[in-house]
Each structure stands twice: as structure tokens, then as C-alpha cells.
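These are the structures, in C-alpha cells.
Below, subunit A partners subunit B and then partners subunit C, in two separate complexes.
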Partner chain A sequence: MTPPRRAAAPAIDASRAALERTPWSRSRIDPMPLLAVPAALVLGLTFGLPLLMLLLASVQGADGFTLAGYVAFFRDPFHVHVMWNSIKMAVMATSICLVLAYPAAFALARSGPRLQLTLLAALLLPLTVSVIVKTFGWTILLRSNGVVNRLLLASGLVSEPVRLIFTEAGLLIGMVNIFLPFMVLPLFAAVRMIDPRLGDAAACLGADPLRRFVRVTLPLTMPGVVAGVALTFSLTVAAYVTPTLLAGEKYMTMSMIIAKAFLFLRNWQLGSTAAALLLLIAVTVVVASSLLARPLRNRG
Partner chain B sequence: MTNAAGPSSGGGYLQISGLSKRFKQTAVLEDLTLDVDKGEFVSLLGPSGCGKTTLLRLVAGLLRADRGRVVIDGRDITALPAHKRSVSVVFQNYALFPHLTVAENVAFGPKMQRLPKADVVAAVKRFLGMVRLDQYGDRAVTALSGGQQQRVAVARALATRPTLLLLDEPFSALDRKLREEMEIELRHLLRELGITAIFVTHDQDEALVMSDRVAVMSAGRIEQFADPGTIYARPATPFALDFIGLATKLSGRVIGVDGGGVTVETAVGPIVAPGTCVNGARVLVAVRPEYVELAPAGAPEANHVSVVLTDVVFLGSRTLLHFAAQSGDRLVAEVGQPPEAGLVPGETLRLRWPVARTLVYPLP
Partner chain C sequence: MDRAGVALSWIMMAVVLVFLLAPIVVVVGVSVSPSTVFDFPPDGVSPRWYQRIMQLDGFWAATRLSAEIAALATAASLVLGTLAAIAIVRGSFPGREALATFLTSPLMLPGLVVGIALARFFRDFGLRDAYLSLLFAHLVVTMPFIMRTVLASLALFDFAMIDAARTLGCSYPGALVRVLVPNIGPAFLSGGLFAFIMSFDNYAVSIFLTDVRTKTLPIQMLHYLGESPDPTLAAISTLLIALTVVVLLIGDRLVGLRRLASM
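Now for the complex of A and B:
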């Protein structure tokens, strides 16, 4: 290249850059994110603001900031027991959902188109039925002269009706039934993304079925496991209708404490404290599950 | 091993005998027998649905055969699952593990073989070096180009030190130029390592370029198993003739048999071919385009036909001339240089080809 040409190049570059900058350079704002503004406003006003007020109420004393609400909550053994109930129930329900949903997600993802449609419909149609209706259904099934007990008696497994309703076991059955789809769907989405030939490739490289699962399948389904666990846990830990109808006063949960504090006791501090704690538990599990999954996902 | 297809049978490094596979009611492979020598590169060439991928999966242990045996180096592996066969596969879509890095993908096989850590590291270094990806070990496989992914797949397959390497159309996703480079590169690599390989493809050029021997497959059977030169010059069946390269094909009836030759009455005139056929039999005669040439004026001899030029197709190093006979038969000739001026479509010309280069096949 000759010297005069080289001198001309920066000028050309500058003018080209000016041309490319023209359309949006005056505002310097990318218009795409602006499309989210209406939704963000609605969410902020109807959800973010009340949530903030609620959280503030939990630390609002007669004379400014106080943690008295939290101290009082944890000093009461009953409240601690209720919090433990909520966490235990959510952990158990989420674990059972995960164990049931994991193989189901593979069946769903690997079945032929017609069977897949049938299975998906079977999974999604119950979601159209209100939680209240489903829970009432379970109260009918689980009561001492209900279908479950009659079957147990007829099969000779038990000699007298088993107490299921208003027990932890009965609540667990109902919770798993109601929240199982929320575990299956994220797992199904993750499994569907996995190329089935990866299993063949691992086999040809000498991996037995167990190591194929641990080294290939499990890490690749981890995003689905994390999403499913986070979703199911946050739904079960905060469930209100199902525990109220299936367990009632016998097995109090955080959501029931919150409702009671606001509706009957008119104790805003207790209600907002319990609500803040419930939120903290759910957020902790969601964040922790994705952090815990990270090393597993990248394992070689 | 009574049904061996091809010149060599028995005593091969890889022996496939009487292999059959049905899916529901359809027979995909029918009593298939194939012998491959150690260090040989064999292509399974055929159209989609001919059973070549099924054969590959049966050898890999990813499918279970209904009947037949697969023996590698004297060891019967028919009943072994894939992970106990030490047969590596390079898949069509590469099937790289997306959650692992390039180095971790290559390390997968050695790790499964429970090699000491130092040996795993050494294997990764060696095989990534072989495919010229030493600098890419820490990259995510999803960040690589198609050609690089293909090389990772080859390195991963070789790192297990397999007794047999299977390749399932590994170049089909690459563009033509890159594919040609990769073909030659892979061929060199496998020769260097002395790896026995079976290569599935529907691309005749790929098969001819890369293989020591080619097995032409159709409808679950091997039509012909021979070296590329023989496959091209002496296709064993009309299918093999059709599938590989171009040819002029004329159907007719044998009207004379003498010594080592037959005379066939066709719609374009009598054609003489070497071979033995029953007098009166229906046959197909054929000739490759490079043996067909323009005949000088003069008395008609054997294998002279009169045709009309329909198309001149310039292909760079060669030119194809397409002709139509009055009977409607189509003929094709190849000339090295662009034809001299004056050859225009519509012109009536005389063609000829040597008797020795005429192929003849009995028709059912």
C-alpha cells in the first residue's frame, strides 16, 4: 500500500463510523428494553411496592427500626415448630416429586409423538382444575370411610381405618399430587434438549449404564433439576389452601400463621415477619440449589 | 461363511457372518457377511435406508442382532454390550458432550478405562495434537466450528485406543472444500496409527477417495465388495453401476454367443460385449463415459451408434457430452478438453467404444 492511501484510510473509517452511528446515535438508547416498561410498571406498582411495604412493616417499631418482631417470632417455640413444619413438608414433597418426576420426564421426552401428547395432556389437564377442588377431592379420598381406607381394608392390609386426613402423611400425599407437574415440566424441557446419541457415544467410549447416567445424563439434566426443585419448593413451602384443608390446625405451616396473623390476630408485625421469613427460605433454596448444581453440571 | 461377498473370505480381522436384523416386519439386514483385514479402511456405500447405519450400530453393539456373529481379532463380541467392545464411533452429528470442554471430551474414554491420571492427560495431549487442536483443550465444544468439532470427535474416538473405529457419515455436515481436506487428513491419521476403520457414507466420491475397499450396499445386502478401482471399472451389478459414476445403459437381447463374447441386439443397433450369457437372454449393456468417443467417418464396426448431441456440460477438467438416440435411449461421453468448435446441440454424430470396455448384466 502506498503512503497517500494509508493516510486516507482513517478519514474513510471515520466517515463510515459516522454513517453507522446515524439511526440511534442521537438518543443513544437501545429501544428494545423499552418494550418491557409497561409490564415492569405494573409489576412494580402492584407487587414490588406492597412487598417492600410488607418487609418494612416487619422491622417497623413504635420508634423506628427494630428487630423485635423477629426476636419475638423465634422466642416462641410454637412459631419455630411451624417454620420447621413448613420446611420439612416442602423438602419431603419436593424430594418425592423429584424422584417421581425424573424417570417420568424421560418417558415423556423419549416417547413417540402420539403417546407424548397423551402423557402431556394427562400432566397438564389437572392444572386446569383449581387447587381447592383438587384438595377437596383428596379430603374425600383420605377420610376414614373414604376410598383409600376402603381399599386398604378390603385388601386386608389394615384391620381398621388408618387416620390419613389431618396428618402429615395425608398432607404429603396431597402436596405431591398437586405440585408434581411443576417438577415434571422443567425436567421434561431439560431432557428433551439432550441428544439421545450422547448415551450411545458414552457407551462406545466404555461407560457402563451407571457411569453414563452419572457422567452424562445427570449433569445435562441438572438445569431441569434446579428449575424443578426451585419451583416446586417455593410453591410447596408457601402453599396455603392444601395444608389448610388437608391438615388444618393439627399441622400448622408458615402460610397459615401469616393468614392467621393478618386476618384474626390483626398482628401486622407477626404476619409481616413470618412473610419475610417465608420469602427468605424460598429465595435461599432457589439460590442454593442453583449454586450447588453448578459444580455437578461441569463435572468431567 | 458360505455367503461371503467379495474376493476375501475367512480369517479377517473383523468377521461379520450371517448378520440379520429386522425392525418389526421389515428386514433391514439379510444374512450379511463381510470380512475386513487389519488396518484396512472399508466404506459401506449405499443410499439411505440400505441398512449401512444399522450394520454400523450392530458392530458397535448399540443394536442387538437377530442372527449372525461379529468377531474382532478372533474374539466373538456378538453378545457384548457396547461399553465392553472397545469399538469407537464417530457419529454423524459428532455427539460431543456439551457440558464438557474439548479436553474433557477426549479424556472421557481413557477415564472410563480407569487409566492413571497421568496417562489420561498424556492421551488427551497426544490425540488433540494429532488433530491439531492442542491449543483448544479448555474451550467449550459448543464454541468450535463444525470442522473443529469433527476433529474433537475423531480425537475422542481414537483416545480409547479402539480395536475398530466406526465412522457414521462424519463429513456430511461440512462444506465441500473442508470435507475434502478432512478426508485426506483422517486417512493419513488412521494409516499412521494402523487403525481398522469402517466408514458409512452415501457419497460415492468420499468412498472412492478414502477406502481400501468399498462395500456397495442395497436393501440390506452387499452388492459388491472390492477395491475402488474394481468397483468403478467392473461394477458387479446394475445397482453398483448405477450408484457409482455415470454410465450409458442400453437394454437388449442376446442374439449371438461366441467364445468370450456376446452380441446384443439393442434399440441403437448391435452391441458386442465380453462375457457369457445364454442366447436369447434379456440383458443390460453399459459403458462408462470416458471410453465413449466420437467415431471418424467410415464403415460401421462393432459398437458404433448414431446419436444426436443434446447437451455439452463443461466441468473444468473434463467435459460431458449427452446424446439421445432415435430410440429415446440416452448416452453420455466424456472428453478431456472442451470439444472443438462445431459441436452444437442438435448435431447428429457417430459414437464408438471398445468391446473390452462394455459391461453386460443379465436382467431378470
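Now for the complex of A and C:
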């Protein structure tokens, strides 16, 4: 070795020693996974295990495995109707959210920085305000002498007040309102990533506006559409407060059956079965969306 | 058609904004109205419904319980979640992805189902204390928000900076405090704020775990709504809206609204 290097060596040794002075440098076991143990244990005990036991309870009879709970659930036409109600409401609310949010996301993404911040603030406020507060607001708006009815009367669309609260239409309005931000934000994230020059490039290559939208813009926003639809659907299908306050017994949903079975009927079997079915619907949507999103992401 | 598309997108944006803000504006309006019926737009301004909040049965107890549960659950999640996030980002053990998914998954699952599963579980194991049950349940509510923000922030943090600090003479804990903490601090705080709000507002998980004496604020509000809704509820709601505005302002200061929007 040459002298200058030797002179530098103590400094290097010192810094290497400093690097090795970690609290665990002597032990052979990789300590990193240990840091995750408390969180994994706590959530395993307060989330994983209870859900697993709920699922097991829904297929457990007096003598082992049974699907009797599910057979009984689906044999009752009322329960099937309620499940249909939940899915129908979720599909309708999600579709309306998509139709409203898709164009709006473009306005949001293409607006100037200052305006965009204002718009984002106006979107984040309803997102963070309590669901109970917003639903309470709708019970006031939708009254027979409420703002919505007065606007309808003033516009001449109706000649007498329309019954909105405790109807399917009223519930739909409330659901779209409460879950709309969950559709706008993922779409905004997707639209923001699109280079606006791509449209110009397609135009240069001779594509007309419709073709530009279908072939360029729409495919690029698909990850946002999938994420937004999955999130909105899984939230709307499980909503509890909004259907309870805006529709009541008139429009029973899965969550209401579950709550009723546990709180009033004390029917744990029915409650567990309905809860397991709702869980199944939610998990299916989440898994399907991640499967759908994968090829989209790879293509991008 | 391009111009038509732009016009359409702005019209929809306006519709979305008016529609989204409508219930909030109405609640605030009704809360300051002197009238006993839900009056919008209000005829005048009166503090009478705000004064009545104090006389409301069980309001303070419920607010205190909600604040306590939210604060304790958020604090516990911050500690446990950050440790787990460090392990997930830094470690090389199998199943890290699965662990991250597991710790964020309560966000996507129906809260009501989680609540029922927990109610059954606690009943089977003889945990009768509503306070403890709520606290455990709210760990499930708060953890995903901490995990999401802290994971995202740690993924951007260059751990070589800690080594750099140590070669410059910092002790290992010193390097963590002086280099890591300032870097992930904003994520820590914004995740904590969101987690606190989500726990404070939560009804779906709590609804099966409360008892007559132990009711969180959302459950108490649902109770008032079912009993006799009067503008006092609008006054409470307005205070809750003010709380969220404050949280958003703090969040904006710490990480910016754009990053909050990408949560």
C-alpha cells in the first residue's frame, strides 16, 4: 500500500466503526421484522382474528360445517330483496358519481394552481366533514318545505311539494353527495398525470376529437376510473347512517339488516351471515379492482 | 367539440361543488337561525342553539369520550404504525407487501362488519368494558391512515442520510431524531390528524361496542337525531365542521392540500 492511502485509513476505519455501532450490530438475527411485530399482533387480534371468527361462525352449525345460515338467508325473499336493494343503490350511486366526477376531474386537473387549491379545499371539506352531519343536512334540505322542494316549485317543474325524504330518490341524492369526493379524487389523480400535449399529438396525426378521447384520454384515465369505482362502490354498498336517516324502514339495506339483527332482534346467526355476505361483496370488489388495475398499470 | 368538452367539464365542476357544499351550508345556516323549525335561509342570527348545547343530556360526556378514544388510539397507532412502516420499508423479510396490505386494509372493508366481528369477539372473550373495547376497535380505525402516510413518506426517505449523520459524529438515536424525524414529521402529523378525525367521527365500528353509559359523540348524535331533532344538532354539527376546517388548515400548512388530496 502507498503511504497516502495508509494515512487516510484511520479516518475510514473510524467512520466504518461508527456505521457498525448500531444497537444490534452483534446479533445474527435481522431485527427489522421485530419492529412490525407489535402492530401486526394488535391488528391481528383486533381485526384479523375477529373477522376470521365471524366468517367461521357463519358456516358453523351444531355439528360442524354447514351452509344452513346462508340457505336460510337466501330462502327468505325479504333478505334477498334487501341484498338486491343494497347492490342496486350502490350501482346507481356509483354510476351517478362517475358521470358527475369524470368531467369535473378534468376541470380540476386543468385549472391554474391558485384556483386548483381553492377547488381542492372545497372538495376536501365535504370529504372530512362527518357523514352524520352531512346526512343531517340532507334531512333538512329534502323536507317537503325544504330548499330542494322550494327550488322545484319555483322552477315550475312540480306544482306541489314532492315527497323526497324516506324515498329511494332521496336516499340516492344523499348517497351520491356523501361518496362523490371518493370518486373525484382518484379521477383527479389519474387526469393530472396525463400530458395535455398527447391530445395535440393525436390531433396532428389526424384524429378527430371523439377518436382522441376514446383512443387516448379514456384509456389513460382508466386506472383512476377503476380505483374510484371500487372505492365508491365498496363504501356505498356498506353505508349505514345515510340509509337509516334518509330512507329508514322504507328501503332496507344490508347494513340495516345487520344492525337490526344484532341490536334489536339479538339474532346473531342472521347478523353474522349478513355481515359475512357484505364482507364478501366488499372483498370481491377490492380484489377485482386490483386485478383490473394491474394490466392497466403495466400498459402505462 | 374540444371547446364543448372543456365547457362541460367546468359546468360539472360547478355542479359538483354546489351539490357537495349544499348540506354543509344548510347546517351552518340553520344553526344560527333563531327559528325553532329548520329555517333556511335563516331570518336572523341568534346564538340560542349554541347556548342550548350545554344543556343537552350527555353531550359533554360523549364529546370527552370521543376525544379521549381518538387521541389514545391515534397515539398508539402512530407508535405501532411507524415502527411497522420502518420494518416494511427497511426490512427484507418475506411477506412485507402482505403486511402493508393487511395494516391498511381496514380502510376498504365495511366498518359495520368490523364492529360486529369485534363485538362478538370481545363478548366471547369476556371483555365487558366498553371503554377498552372502543379503544381496541379504534386502533383498527386509525392504523390505516398512519400506515398510508408514513409508508409513503418513508419510501421517499433516503436512509443513507442516517449513515451520513453517523459518520459525521451523530449517535444512532441522535441521527434518528435529527434526520429521520424532521423528514417524516409532516406525514406523521397529517396522518395523525386524519386518523384522529376519522376516529372522532366513527360510528360504524363503535355502534355495537357502546353501552348506555359509554357513548361516543357520533352515537350520541344519532341518538338525538332519532329522538327529537332540533337546531341544537345543527349547532353541534357546525362546531364539528369548524373542527374539520381547523384540521384541514393545519394539514395544509404541514403538507399542502395537494398531498392531502392524494390520500
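In the analysis below, the second predicted complex is superposed on the first by the 244 of 300 C-alpha atoms of A that agree within 3 Å, B and C clash if a C-alpha of one lies under 4 Å from a C-alpha of the other, contacts with A are read in each partner's own complex, and residues count from 1 in each chain.
By definition in this document, a contact is a pair of C-beta atoms (placed from the backbone, for glycine too) under 8 Å apart; a residue touches a chain by one contact, two chains touch by 3 or more.
Because the structure is a prediction, the values reported are computed rather than measured.
Peer 1: Once chain A of both complexes is superposed, is A:V162 in touch with subunit B (first), subunit C (second), both, or neither?
Peer 2: neither
Peer 1: Based on the superposed arrangement, let me know which partner A:A68 touches: subunit B (first), subunit C (second), both, or neither?
Peer 2: neither
Peer 1: Looking at the overlay, what does A:D195 touch: subunit B (first), subunit C (second), both, or neither?
Peer 2: Only subunit B is touched by A:D195; subunit C is not.
Peer 1: See if subunit A has more residues touched by subunit B or by subunit C, and give me that chain.
Peer 2: Looking at subunit A, the partner in contact with more of its residues is C.
Peer 1: In the overlaid three-chain picture, which partner chain does A:S272 touch, first (subunit B) or second (subunit C), both, or neither?
Peer 2: It touches subunit C, and subunit B stays clear.
Peer 1: Does the superposition put A:R215 against subunit B (first), subunit C (second), both, or neither?
Peer 2: Touch partner of A:R215: subunit B, not subunit C.
Peer 1: Please indicate which partner A:C204 is in contact with in the superposed arrangement: first for subunit B, second for subunit C, both, or neither.
Peer 2: first
Peer 1: Just subunit B (first), just subunit C (second), both, or neither: which does A:V91 touch?
Peer 2: Neither: A:V91 stays clear of subunit B and subunit C.
Peer 1: So subunit A touches subunit B in one structure and subunit C in the other; where do those two contact lists coincide?
Peer 2: Common interface on subunit A, subunit B vs subunit C: 208-209.
Peer 1: Show me the residue ranges of subunit B that touch subunit A in the complex, using the header's touch definition.
Peer 2: Those residues of subunit B that touch subunit A are 60-62, 81-89, 91, 93, 95-101, 104, 107-109, 111-113, 156-157, 160.
Peer 1: Residue numbers of subunit A touching subunit B in their complex, please.
Peer 2: My answer: residues 195, 197-198, 200-209, 211-212, 215-216, 219-220, 297-300.
Peer 1: Which residues of subunit A touch subunit C once you look at their complex with the stated criterion?
Peer 2: 15, 18-19, 21-23, 30, 32-36, 38-40, 42-43, 46-51, 53-54, 57, 100-108, 110, 116-117, 119-126, 128-141, 143, 146-147, 176-177, 180-181, 184-185, 188-189, 208-210, 213, 231, 234, 237-238, 240-241, 244-245, 255, 258-259, 262-263, 268, 271-272, 275-276, 278-279, 282-283, 286
Peer 1: Mind listing the subunit C positions that touch subunit A in their complex?
Peer 2: Against subunit A, subunit C makes touches at 1-2, 5-6, 8-13, 15-17, 19-24, 26-27, 30, 38, 40, 76, 80-81, 83-84, 86-88, 90-93, 99, 102-103, 106, 108-114, 116-121, 124, 136-137, 139-140, 143, 163, 166-167, 169, 172, 194, 197, 201, 203-204, 207-208, 218, 221-222, 225, 229, 233-234, 237, 240-241, 244-245, 247-248, 252, 257-258, 260-262.
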